[in-house]
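Each chain gets a letter, A, B, C and D, in the order it is written, and its residues are counted from 1.
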């Protein structure tokens, strides 16, 4: 890696950090706008409470301080990579999020790779068989998946594959208490992964298929493809060596944007399939008014977006020599 | 009974902590109840039985209570359990952290350990419910040697709780499961039978049902699947269902009616609400026929319930008459649903429909748990759902919602409706300390009659949360607190 | 105009259009013909579809008419979809237009601002916004708009960047026309095609988003929507799968129709795709 | 001699909805070994179609209706695809017009050339590398070793076209088809490429089919010429015969539209105060600078000074990227200059803000290059013309009245007022552009490549119109152009620019006949077919010149 690339990445990271800081402040105020506070929620769950108890909790959480002071404390801790303590679990927010991160990464990663792979493949096939029945089939299927609500699909999938067919587990990440190790555990996790990853991935498969198809068709009209044909290449070779690589560029951009968003966007799937990821963590933190945790999840998932965007740009620069990492 | 085996139970929502003394969330109690123990257990008629206390006696005036502790009990870390732990737990730790107990402890003059295995409570006056204070949820025994002199809330042991119960804490995969394992040194010979208990976190109700069906889960504690799923699940092979184990709590559902302002301040309006509601329909459709329409502030399983109270039948015409008499002019009335799942949401819709049919202009205002807490405790509502536990005795679980000294902003669990009646205050006061029980009954009957007439809140139902479980699990529920008690005597038929 | 001709010749797009038209008619006039509230408990619960002549699609968990719910739901889905898209456009277009037209530091500031909204995971943000401002048709519409305007801003900015150096824009500058005029009369009309296409797809996404929020229990409790129907039926999916299936299909068909129309518009409005080369 | 390639009775049908039924009808010609056959004709006449048919590159929707293309005993029209593939790139190869897009942007130059060997030969990797390298040397690319690993975007247009040629000639094909390979290039680069093709063709005895619309190019390299018009082959003959003695009226019209390369005597203008004075104008672009990287800096205008008088046409010439557009845009204040002075009459305008500038806008107006991009497609012609005066405060009715008059002035029917730009041809649109510029009654007209997007015959009309208007309205015209033949005809004085600097300025005739600066000399020497229809040719050409003037 050249010094320039490193400098570029450094610059991007600094810019990203500024954006993240703005997001943190924005979220801080946003969340405080919500009615109720964590003390109330915890007291509420306890089923009985008095002012004294609430006061104790607020003091413990530092919520009795003025708002600007809380913000100051939060931000100054944040810049030292300290995201505070969760109110409920009394654990460092970062640890809790990192506890959940592998599950989320596994789910979203699997869904992402699966959808990218299948989507691009389907898109290529559709573009090659342009205006034939295979094309229509793929286009229609992609459209339907694109238009179907994710949570609904998830419910139907669970109903069908877990309940009627009893092929796949319908919740959780692994069979708890089975104490599996090594390969068995891997297989166990994989069978749990299939349904959520497939439903989460279907939508994106549709997106990538549509995009790849359109991009392929457009690239096929480009001059250099004519050059390639004029060299006497076989259509397959033209497609894979010349068209596909060029056609994938916009897909890469989109995929990069979505990879980041996926992390925080898997709430629905995680809810339906009881997947212990950070999407659900966020959802719970929200209703428990666990400010630090909620802010932490938002911060981490936003940071992921920044990171993935950067990675996309670097990848883009690798696959497209025209782009220089400078702008 | 057969030894060994694992039991898989659903826990929802995931508890914030297992430290039962500091967190009184339902699920903290469910899981923590296996790790910790109280001095006594209560059967389904709410009679006390020995556990960590082998025996107890009171003076004739009911003011001095002496407890004899079991000898040879050890904490999970091997330390012996003694009277010092009892005094520390109740007088120090719980007095500071447990709001509900703190109120009751106001009646207690002093707590003393006279020797290693004897504790004496000196009360200010006779306090009727005193003997029902010692189940694990209210008064768990906590290890003095670990907590004394520390900041209780941040003590590292909170993450690895140490009790005297039949099961020890093993592992907690946040977001997935909590694993408890057999306490080999349990102080009751031959117990527990089970090797492991797994509490599974499954946030979606439908997934919980599926998990039970697919055999991944053995026990669905009451309320952990949506009511609509209950009939279907109970019809499955090998599935048992029971409504036992809620006697101590006897959850009582009602509508807060804001007595301070708006139409709900008018007693005729409140009575109209009672007549307008088709509570039998709700019971049948939403609760599958489980439970009982409530006609009194006191639950029928709670002590001192009066069975001869007048009942409010479903009678829309009467409701309309009452509204007309008060001159209700269609002023909008906000309903705050309880954000605790589908059934409550549906129930809100049903009530709204009922109210609209008699001409009440009802609007649902949706909010989440925090918002609900906030609004109810700030008295910013017209009508709101709730349900509360009765803890076996009106003095513990009923009086708090009607006495005017409990009108205080900031809590949704006190007299949030703002009902204020000096007579009622006085009667409740007298009833708590009256001695013996006949005197108390007399006072509580008076109270019930008066409240039913005034309708400070609109009682809905005495709820029953059926526990659904795989029939191979034996002896699952053997006390008045049901699942909240340990699975110490439970076993699995192979 | 030949755009309309191109569109009418596109059978698939016309199909989408017809479906939408039908849905709109149902949304507008359905409630008038179908009197009474969809919340009314009219029969015993769980009547399956086609079992009762009066309640063609059966009844739900509380004995409410499913068909009535579907009809009223169409109204809210389309309304939320349309209104939130319009709001998103009202935020996104001026922002993108200013950024793209003026460039420089204006662009830098506006785009950093946009980036903030793009970086926060959008569904999560929508959930938080609705939860915080309490579910109502206003907060839901607003939240959807807030999470969906950044792509509009980016698109408009891109268009403006590309068009601001077009010779006809330069000519307008030489004419001494004001920035406002140039933005509104010269550039905006010419960047409208991709905006229209994007908007049609945004309506689709908004409908999905609304239903997702309702599904999570973040719907307006006063208003019957398809997402609410699925959310309310999810607990009885085993006893009465059709209760979630029917509104699910309704959403899918609506979103599909919007997509078909959007693609048709794209083909008709985008000269690159319609095969007409301008040179 | 036996012809290498025979095109017989070739007709190609176009899909429904196209401009006409057949792209080409009944085309017949032969290609001899070692000859250069030029195919000329205006845009859309079917030149590319013929070439594509030979290569088998016709789009799916377009079918050969009748006829045969015989090569080496095969009929290329009916040949199976897998056999045709063996011929393509091997025995017959092709170069395209657009060097910018004809190469795969993601592949290194060496790989793209090497691919030809990979497909058609059994050469090893090392051999392929060597052959590629020697090819790059053959086409005269500087530093061929380095070029091997370059990506297309790192090369200039001319270099890319050389790569294309190297690729096409890799397997020493019998036939090279070149579809307008130099149209997108600068004159100087074009001259080099033409020379290169000619050299290589002679060296390998390749037959070349060269498609162009530029008769200068024909004059430069052709052995024989085919002229096409609307899909018909209207003339076929030896170069000399076609150029100097065209038979068909269409050929005559085309040739007469080519401006001769002689600057006519022009009356010297009377001395007058300049309407526009530019002093030491500088403009530097810096692009691509990030937080840490150095920006690319281009001095697009470097110390540019000149004057413009009433009734005068001042030509601004130079190759692409020399800064012509930059200067003209600075002058009309579409671009902010970095330093220097711009005076309209006596008023300095380069420092005025938008408000103060408004009254001066009317005095200097511009005609743009692209007749398609310079008219807002969503406005009627009337609106387009009237918008300016309205913006300057003229009442709407009066402005529309004026627009109608202007339409008459540029010889468009009054009915055009309510129609939209897409309903007009390129030449008509350019007239609208001129009318718009005149709507303000300007003193100065800046025309940046105002004719280069048009066909030759239309070019002549527009030039004629500008000349007329200039005379009638006593305008000063700053005429930016890269076609020196045009400059020679219409300019009173010319300024030659190179890399942002003025290298030479003077009276047109003098600059063309006695260029002083080396750059000017090379520029003039690069004009294709310079000998044809210059002062040095036959009497016949002279008569044509008269016809043109």
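Quick note on the criterion: a residue touches a chain if its C-beta (ideal position, glycine included) is under 8 Å from a C-beta of that chain, and two chains touch if they have at least 3 such contacts.
Predicted model, so just to flag it, every value in this text is computed and none were measured.
Chemist: Fewest touch steps from chain A to chain D?
Modeler: Steps on the shortest route: 1.
Chemist: Centroid from C-alpha atoms only, then distance chain A to chain C, rounded to Å. What do you get?
Modeler: Their C-alpha centroids are separated by 23 Å.
Chemist: With chain centres defined as C-alpha means, what is the inter-centre distance between chain B and chain D in Å?
Modeler: 88
Chemist: Determine the centre-to-centre distance between chain C and chain D, using the mean Cα coordinates as centres, and give it in whole Å.
Modeler: Between these chains, centre-to-centre, one finds 46 Å.
Chemist: Quick check: how many Å separate the C-alpha centres of chain A and chain B?
Modeler: Centre separation, chain A to chain B: 40 Å.
Chemist: Which chain A residues touch at least two other chains?
Modeler: In chain A, residues 34-35, 155, 163, 271, 286-287 touch at least two other chains, as defined above.
Chemist: Mark out which residues of chain B touch at least two other chains, giving numbers and ranges.
Modeler: Residues 206, 339, 367-368, 371 of chain B touch two or more partner chains.
Chemist: Taking each residue of chain C in turn, which ones touch at least two of the other chains?
Modeler: Those would be 131, 134, 234, 237-238.
Chemist: Pairwise, which chains touch?
Modeler: A-B, A-C, A-D, B-C, C-D
Chemist: What does chain C use to touch chain A in their complex?
Modeler: 112, 115-116, 118-124, 127-129, 131-134, 204, 208, 211-212, 215-216, 227, 230, 234, 237-238, 241, 244-245, 248, 251-253, 255-256, 259-260, 272
Chemist: Can you tell me which positions in chain B touch chain A when the two form their complex?
Modeler: Touching chain A: residues 6, 8, 13-14, 16-17, 23-26, 97, 99-100, 102-103, 153-154, 158-159, 173-177, 179, 196, 198, 200-204, 206-208, 210-211, 213-214, 216, 339, 367-375, 377, 388-389, 408, 410-414 of chain B.
Chemist: Where on chain A does chain D make contact in their complex?
Modeler: Residues of chain A touching chain D: 4, 7-8, 10-11, 14, 222-224, 226-234, 237, 241-242, 245-246, 319-322, 324, 326-327.
Chemist: Which residues of chain D touch chain C in the complex?
Modeler: 329, 332, 334, 357-358, 361-362, 365-366, 368-370, 372-379, 384, 387-388, 391-392, 433, 436, 440
Chemist: If you look only at chain B, which of its residues touch chain C in the complex?
Modeler: Interface residues on chain B, with respect to chain C: 205-206, 209, 226, 228-229, 232, 281, 285, 337, 339, 342, 345-346, 348-350, 352-353, 363-368, 371.
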